[in-house]
Amino acid sequence: MQIGDIAIGGDEFVVMAGPCAVESERQLLDTAESVARSGARILRGGAFKPRSSPYSFQGMGVEGLKILSKARELTGLAIVTEVMSETDVDIVAEYADIMQVGARSMENFSLLERLGTCGRPVLLKRGMTATLEDLLRSAQLIAASGNPDVILCERGIRTFETATRNTFDVAAVPVLKTVCHLPVIVDPSHAAGVRSLVPVLARAGVVVGADGLLVEVHPEPDKAVSDGEQSLTFAQFDSMMLDLEPYLSLRPNADRLYAAAGGLD
Amino acid sequence: MQIGDIAIGGDEFVVMAGPCAVESERQLLDTAESVARSGARILRGGAFKPRSSPYSFQGMGVEGLKILSKARELTGLAIVTEVMSETDVDIVAEYADIMQVGARSMENFSLLERLGTCGRPVLLKRGMTATLEDLLRSAQLIAASGNPDVILCERGIRTFETATRNTFDVAAVPVLKTVCHLPVIVDPSHAAGVRSLVPVLARAGVVVGADGLLVEVHPEPDKAVSDGEQSLTFAQFDSMMLDLEPYLSLRPNADRLYAAAGGLD
Amino acid sequence: MQIGDIAIGGDEFVVMAGPCAVESERQLLDTAESVARSGARILRGGAFKPRSSPYSFQGMGVEGLKILSKARELTGLAIVTEVMSETDVDIVAEYADIMQVGARSMENFSLLERLGTCGRPVLLKRGMTATLEDLLRSAQLIAASGNPDVILCERGIRTFETATRNTFDVAAVPVLKTVCHLPVIVDPSHAAGVRSLVPVLARAGVVVGADGLLVEVHPEPDKAVSDGEQSLTFAQFDSMMLDLEPYLSLRPNADRLYAAAGGLD
Amino acid sequence: MQIGDIAIGGDEFVVMAGPCAVESERQLLDTAESVARSGARILRGGAFKPRSSPYSFQGMGVEGLKILSKARELTGLAIVTEVMSETDVDIVAEYADIMQVGARSMENFSLLERLGTCGRPVLLKRGMTATLEDLLRSAQLIAASGNPDVILCERGIRTFETATRNTFDVAAVPVLKTVCHLPVIVDPSHAAGVRSLVPVLARAGVVVGADGLLVEVHPEPDKAVSDGEQSLTFAQFDSMMLDLEPYLSLRPNADRLYAAAGGLD
């Protein structure tokens, strides 16, 4: 899957990083420059945010999309941003390189079908309680609606365990790789819920064969509008990227992943 | 909450019954007449169905809404039907008396916000993996967006147990009743997944204080387009209504529900 | 199943009540007299308690068994008490009428097998995370080891929902009744985790066909060594028993339970 | 923690391998020699098996322990084997180097307390539905009963996902490492449930900081009495060990594990 000069699902391990929400031009451009310098290829940032209350932050909307676009021009990073509503598909597609579908929207079939004709690759996050079969069905709906370019994303599931925000289902990566040919990335930020666990879960994602990483980074996590406790600082993100390097050099290609056991069943 | 001459959340226990999907005029009108005769006050039936594949049945759409409307005229039943997409809100509100939000849409915040101004009561189903806190937050979003008329619906949650389609969380009813003043109904059909368990779960719903019931009924369940195995026949629905009668006569009013233990903590 | 003059699994709905733990002769005898007067037939009370720390209360042990025995003499109540260890089976069987296996021991196969030859009926509680299939397998092990007298007990399962201590799986009762002929009782105290929900969950248990109830009662719940927040006072237990009466008069016999839907599939 | 010349929880990554059950001297000795050659330091093998039916295989018992002992003499491997019953603690401790507590026994408090004085390190497996807090409480009980040498083992938890036998909670390793100083190992065999996923989950365990691995190996998995589908052949185990080598060379020491993010919070 090709996004400009970035190939996802091939030899390169693609890192997508940025804040949960676009909060200001300064916040986003600073983040973009910093994560690009550390090795990210794609910038994440929400312009439309889940509005669980009409009084809560709704994201900067089109203004946010324009800031993302400006960041792309300045840094060369591609842009991934969430689309939450069918009625926003066209405007988001105008600015974004990849259309993100959040965990809560994974079974919004109307939205998925509409994304079949949006002309952009879709990053589909696993629902909090979705089986891998459910996730694949949603991916198939997008594909059958006209858009084969779907990237799957494991981001943790809801279980009885509360030590982490979600339970990171690391086995989802190899299972998905076995049954389909779509790229699979991991989001250690939402799985962990706390920043200290993000780098170590990222490592796990790398070695089980993920094609990339979606990670939250913020200039001042403690002041973030949302997800601050799971966002890395610039320095932490840079350290994580250095930490991942030797693991990336060992990164399995899809073919030999299960060959480790002396051959698949 | 008043829907025509039907008061929900008061002394009356309100039964909503009908097929999963509107399949034809004949199917719906026959069902409407039969469930009305057995004591239902509201007719359910999906005109817009979750399209998990572009090739699967998508519901009859506006044609289905018109059939529902015709059934209302003939039987006096009010109509509840699902709205799956923001773009359908206006057309559904034109025909429906109650707008249903399905379990998969419980956190489609754009849709919820749009329903704040639809001018119709909303029946909000609990998501498969939603905590009661999540459910209440979604209800609050609808209310804060301008529409205080929300009916909550327990329909089973996803757990490790597979003997039933979902695990019917019967305690949800009294818990919700304690923390808010919204009507709470139960959907034993989706909880059970098999018709033989529907009447017995309906009973449980009655005695824990539910304000009503949402139940699937079909003239020929074995030929139903969807959810046939959990749909009651006309005769089974009638038997269930008779079976519930003595329990309904014992139905607690909200005030004395927890008084049974000699007073609340 | 006959325990003295009490038949479990037949026409009578059998209520088992008492404190979580035997704490003193006074506490137990007072409770026994009170619950007997309110209509309980069996006295519960733990003499051996789960020792999650060597410093925590371990129960009164044999001394507790003797107090239970004395309560039986004075009130005519039968005794159910937990056995936690194979090495205690003989001594517990000497004093108890029913041997209780706790949720944490449901898959302690050595203990189960040993109970096959203990000469007493066994009350087998569902494990927190056990499927109904798991529960039945454990029951079968006891039966196959020589003891067919097993009473199954639904007491809530562990799910993501935290509004209640456990999720009361009310459908477990009819499902178990369909696939085996063992008596099935419910424990609303451990499901609810708070006393205000106990009577309403007890009602649900009655109407879905349970054969009895296991409920925690304490003279002064706020001073209880364990489970105080979910224990009823004497007055609350008495109110609950009065509240249940009309539901009990409607209690289905096993034969017509599913007939409500006009016949089983 | 020292077991002969093997230090667990330090610089060495300790691999424990062998069959689910000891089935014969030939089967065990062949396996022992093969896994030793591939780099395992400890031999696993059940002599006492969960008897979910009195007719099912119960393990070879003391005979099995003697075969394990013989394997130790011949190969120098240390022995880990499960103890299921308090009454077997002494005999198992006579032959084993490490006493294994299975997932089903994690809250068998009588057994745990008895292990406090068994004189052997204990390998404590996480219960299928146990939170990390539950696991730590059980470890503390063993410690408080006199035995500080407890090894914790993550082996997957029960969730709604059925694509794998259990959901491998890889984050459990760093979370446990943060809150206690006990060694933590992973069991990818029971998490995966199928052998093709075992090596890739083993990798994930290595890179998140586990101190070792518990893995099922059998000369002829298809003929195994139990767990055949998740057991590796000798050749597959050898391939896995080779595959792990470069990851092991990167293995973090506990100190710098979370430092990757530029410092802990």
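The chains carry the letters A, B, C and D, assigned in the order they are written, with residues numbered from 1 in each.
Criterion: contacts are C-beta pairs under 8 Å (C-beta built on N, C-alpha and C of every residue); 3 or more make two chains touch, one makes a residue touch a chain.
The structure presented is a predicted model; accordingly, all values stated were derived computationally and were not measured.
Shared contact partners of subunit A and subunit B, listed by label: C, D. Think of each touching pair as a link: the shortest run of links from subunit A to subunit D has 1 of them. Of all residue numbers seen at the subunit B-subunit C contact, over half occur in both copies; the interface is built from largely matching residues. Centre to centre, using the average C-alpha position, subunit B and subunit D are separated by 49 Å.
Centre-to-centre separation between subunit C and subunit D, using Cα means, comes to 35 Å.
Shared interface positions of subunit B, i.e. residues touching 2 or more other chains, are given as 129, 158-160. The touching residues of subunit A, counted against subunit D in their complex, run 129, 131-133, 157, 159-164, 167-172, 174-175, 178, 191-192, 194-201, 203-204, 206-209, 232-233, 235-236, 238-240, 243, 246-247, 250, 257-265. By the touch criterion stated above, subunit B contacts subunit D in their complex at residues 158-160. If you check the complex, the residues on subunit A that touch subunit B are 50-55, 84-87, 104-105, 107-111, 113, 116, 127-129, 137-138, 140-141, 144-145, 158.
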